[in-house]
């Protein structure tokens, strides 16, 4: 027996979804933090406000932005990815050996870049496969793949530094269009591609959904495994490109090309509002995070903070930025992991 | 504490007198940070060359710049058969040397260390620690500082890229730069930052410093060649050709850069020789050709010969070769420039 | 029936839409299905009734390929099929709305509706949002839901999400030329009466072109909407009732295999004395994000129901009293002492218990054992100091497992393995174990419980009330609120707008309350 | 009263649910992985199984065991502590600096100091609601900076070795005292968890924090306690490192972060929280140590060593993780 009431219409009308207040703040928090940090540094340091320094910040952000693009998709699915150092190292050495260089007679040019990125994608794919096939958490598979990547890179390195003599690749770091180096434009393109993937493709939307409620996807008849593998593969490709970019910057292939990029990319993504638990944020959020982190690094040098303290000050500001972004939408029973 | 003893059973102290080893029983171990660095790879290759010379093979160990891992490898190594063990070790930092030395002393392995050693740790206090070899960082820091001052015409602003702050090499070299600055009062140190001996970090730091100080930067002093090469890339990207760059180590790329004229100076440190000489000293003592008591105190901790390399003499250094003669037991200390003060 | 136009004319036209023969399924320690037979005819609404843990959900999951039966046959339109996945089932025209909601919260409604079978909505991996939106709108229109297809799902109310689920399951129509079979596992347990009405309208409409399997613990509801009701008990089919003219009691007898004195809750068991007392809980001017100026008095031994439509804020008031939701103004006292509303720990210490409505995410810790879940709150207080005494705990837990007849293989079984109803009993037991609770806040405590379990919960509530516990009840239905409460507070739009006395023997009618609610 | 509707439960409520053979094996998997690895290394180099070699392994593993054990508690609560290594480095510096003044009390002082720093991170995490990943990442860089500054970026020699000399003794001549201490730490954490409601709280928080909170569990206090334990363990690990290296240095333990987390995961503890134990981390730490020292010592070339390391830790986790407790692997 159910109750029928003449008031049904009103009742229905009264429960229209209300917009949650927190949403807009959560999304704009990092951008506001970015603006604040920029304004503070600009006020403190004349060197910071120069046009050339803006160029410098953009150039410095390029590699991190590309790595973060990749890591963002993985974080969106709720997994984590620590494989950047190994994959970047492998692709950095690979590309240095494939384009014109001092170690061998290969001169594949752009094809060499493509092959290096494919190698990186294959390594990324390996993390994804280990995750879905062996059911090993991504924390471990990516840590393992990072070690494998470094090993592969060391094998290819074979004791002699490969220096590139390829004009195109060297030009990426040197030539400028509209004041920005080509590496920066590559990063901009990556962000746009990443954003489009996230917005317009099944892969991107499913990655987002996997972070939201993976079990529901399975109940809807979606096989999530291929999408997870694809996400790691795509992330690997981004790291590979980042490795190539480092090689272009340094003019040489280094095994350590990706050192430290794992944690800095994750930090950037999280600072930008991408949740580690998945299902929230995205490439644009992460890009704001990248800019925030890069501006901090640059600004602290410009302001003249002692090198001993720089890391600490940066850590403090990152924590403060996240805290400031979190406080407005804090709820009592909110889960923070 | 009942049941406790000082030592694990099995890792007994020096049981056999030095010199009792059959040359074929000697185990040669070379340990450096990693093989993904040309200088250290060349070091290990030098060790291999020496081992081949005496009909042995070298066990190559790398610890990836990780102090704890270095200690772990050493203690594992010393837990095995140590009677005729010869170790040529590059400690990761000053603080890593004492436990390695104590371990070798207790286990009776023959140890030569290079580069890093706390100043107050005396080699002569130990029997198994045969020798410590390093280059005079203050001298090399000053040499390239002077070369830089000369290259920028004796006056102008320079920036310094420091190495890993917690290493003696980084500190000595920077002290050398300060001596050079005192001698060249018109040269101004605009900024010093650390780039951790890393090419990639040097690139970023240099870019930032270039925008911070702009055209005031006339020269870049880097505490090693890797950072100098990173700085060169940054200069190239910034389109600056008027900045002089100096480094230390004489890695092949730096020599090429000096040949090209893009880099001003570096100081040689001979990796292959270092890789061979440490094993050679240990091998000579282990096989009895050299007795620890006979090694002069001055040869227990010494500066090895180094050269300032500029465009004038770079051709002499482009292909470092080790010669068998360097490793003869009678001449293992021939490159000494004197004791570490 | 028209033989000529049947597409699968080679099988007898009378072949039922879906048939199950001798289905068996073992889980570790449990025989969930023990030879179930079931027939679903075309164009009928088949009810499925049974106690908690009778195997309803397991059977239905087997029908959509989520559970692999150990033995038995499933026949779709007379042909045996082997369903390996939910996609398989959908291809055969079988779709299901799950007991626990299953939408991706951070996707749009449109994406959720077409999830897994986007069809023209995605071409070569690229989303075509316009098409997607149109596809979703088409489904939403089928059930007349006003939800915006591009709204984020987690911004919708529970009821709207339920509608979206139904819209989503109707997509299987597009996958098969045959009339689909649509399975609804306890869809009404979280809905308001008017939403249930809307749902039933849909179910009756669905019958025009599909078969529906419908599960609910509200037997009156089952008889209302279904044509026929099949009953499961202990994993076996025990009978069938034609809905026309059947009585809930008859159904119930089949379910439990014994006659019952179905006194339910309308009985006058609760004796309230008339003498004036100071209230145990006094709330004055409580204000939070979703409620304002709420005043509330609850006496010791009294059960106060709060009724209101979705969004009335009653749930948040309860949570605020338990310290799980911030308040901006107002205060509360318990037995004259000011309540510390700053956190759940303080609330527990003050003697307040809370049973949340969202059992799966908030009520229980799925992978932990029945015992751990039951003792989560009061381990320390009950079992002697800071040191846990496992044997004493075990005895205590076993006592409560028996008292509430919780159907679990063992106290160390993970609670996630139990049927929904049994899970709820464990969550309730948590506060009963504590023993020293002075105020109980029950948010839909009987959600998903079968008739027997529900009666038991009611009995417990009364027992506790008789022992002096003050209770605030957000009931599952108006009848429950009326039957259980001594007094009913009506909330709407975050304010307490009316109060209706409901003493035994002088209960208001549901209609009285609805009048107050609007 | 409507007791008549109550039917006796179909199955008696107390059937003993015996763990299946599979489940039993799963709980021993970390040990099985350890033995398998040891076997493989012994095949590669028979000398590796010697008593002195094994003694060296467990002595080496001691600080890692302690670090991992402390961080395991945080991981069980569903968080992560990335600051342990930096905190440990800082603690080595503090130890070296305080030793001349405090003498024998230095160990306690350092452990107390790191416990407080851990607690501060825990408080920042629960009060500011910042993910533990970020709080401890920030903590990591702040501790590193403080260590650099107070040590003037250099190692500090420890001349007075008496305070830590006992850690270099051997129990019964074969078991290094440092490892005994590590075992005691693991046992102590495990026993405290078992005997108190903490175990059930920690796991409840790890599996479902909101359910734990709504059941009135002291979620915030347990989490802060977890970070405190993790900090204290970092301090104790620092004492072990100092006793081994005779110095404190601002970067001494920095490279132990990933091995410590790897030890936790290799032990089979779920990185998402809830499922696992400190004993598993003990086995995990031994596996990781064997890989770190064993591979190069048995003569695997450097590049292949890294490749093998990567492959083996993944394989080890594939073995040890009890997936029946986790529906979704992220």
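Per-chain residue numbering starts at 1, and chain names A, B, C and D are given in the order in which the chains are listed.
Here is the rule we use: a residue touches a chain if its C-beta (ideal position, glycine included) is under 8 Å from a C-beta of that chain, and two chains touch if they have at least 3 such contacts.
Which chain is which protein? Per UniProt: A, D = Monosaccharide ABC transporter membrane protein (CUT2 family); C = Monosaccharide ABC transporter ATP-binding protein (CUT2 family).
Please read these numbers as outputs of a predicted model, since none were measured by experiment.
Any chain bridging chain B and chain C, meaning touching each of them, is among A, D; the list is complete. For chain pairs A-C and A-B, the one joined by more C-beta pairs in contact is A-C.
One inter-chain figure worth recording: chain A and chain C are separated by 42 Å, centre to centre, where each centre is the mean of the chain's CA atoms. Once the centre of each chain is set as its mean CA position, chain B and chain D turn out to be 35 Å apart. Distance between chain A and chain D, defined via averaged C-alpha coordinates, is recorded as 29 Å.
Multi-chain contact residues of chain C (touching two or more other chains): 324, 343-344. In chain D, the residues touching two or more other chains are 148, 153, 210, 213-214, 302-303. For chain A, the set of residues that touch two or more other chains comprises 150, 154, 215, 308, 333. The touch graph of these protein chains has some other shape, matching none of line, ring, star or complete.
Every pair of chains meeting the contact definition is listed here: A-B, A-C, A-D, B-D, C-D. Across the complex, chain D meets chain A through its residues 78-79, 82, 124-126, 128-135, 137-142, 144-146, 148-149, 153, 209-210, 213-214, 258, 261-262, 265-266, 270-273, 302-311, 313-315, 317-318, 321, 323, 327-330.
Within the complex, the chain D residues that touch chain C are 1-11, 13-17, 20, 194-197, 199-201, 203-204, 207-208, 210-221, 274-275, 325-326. On the chain A side of its complex with chain D, the touching residues are 77-80, 82, 86, 130-131, 134-141, 143-152, 154-155, 214-215, 263, 266-267, 270-271, 275-276, 278, 306, 308-316, 318-319, 322-323, 326-327, 330, 333-337. Interface of chain B with chain A (complex): residues 34-36, 38, 41-42, 45, 162, 165, 191-194, 198-200, 203-205, 207-214, 229-230, 233, 236-237, 239, 251-253, 256. Of all residues in chain A, only 47, 50, 52-53, 55-56, 59-60, 89, 150, 153-154, 157, 159-161, 163, 173-174, 181, 246, 249-252, 254-257, 259, 297-298, 301-302, 304, 307-308 touch chain B in the complex they form.
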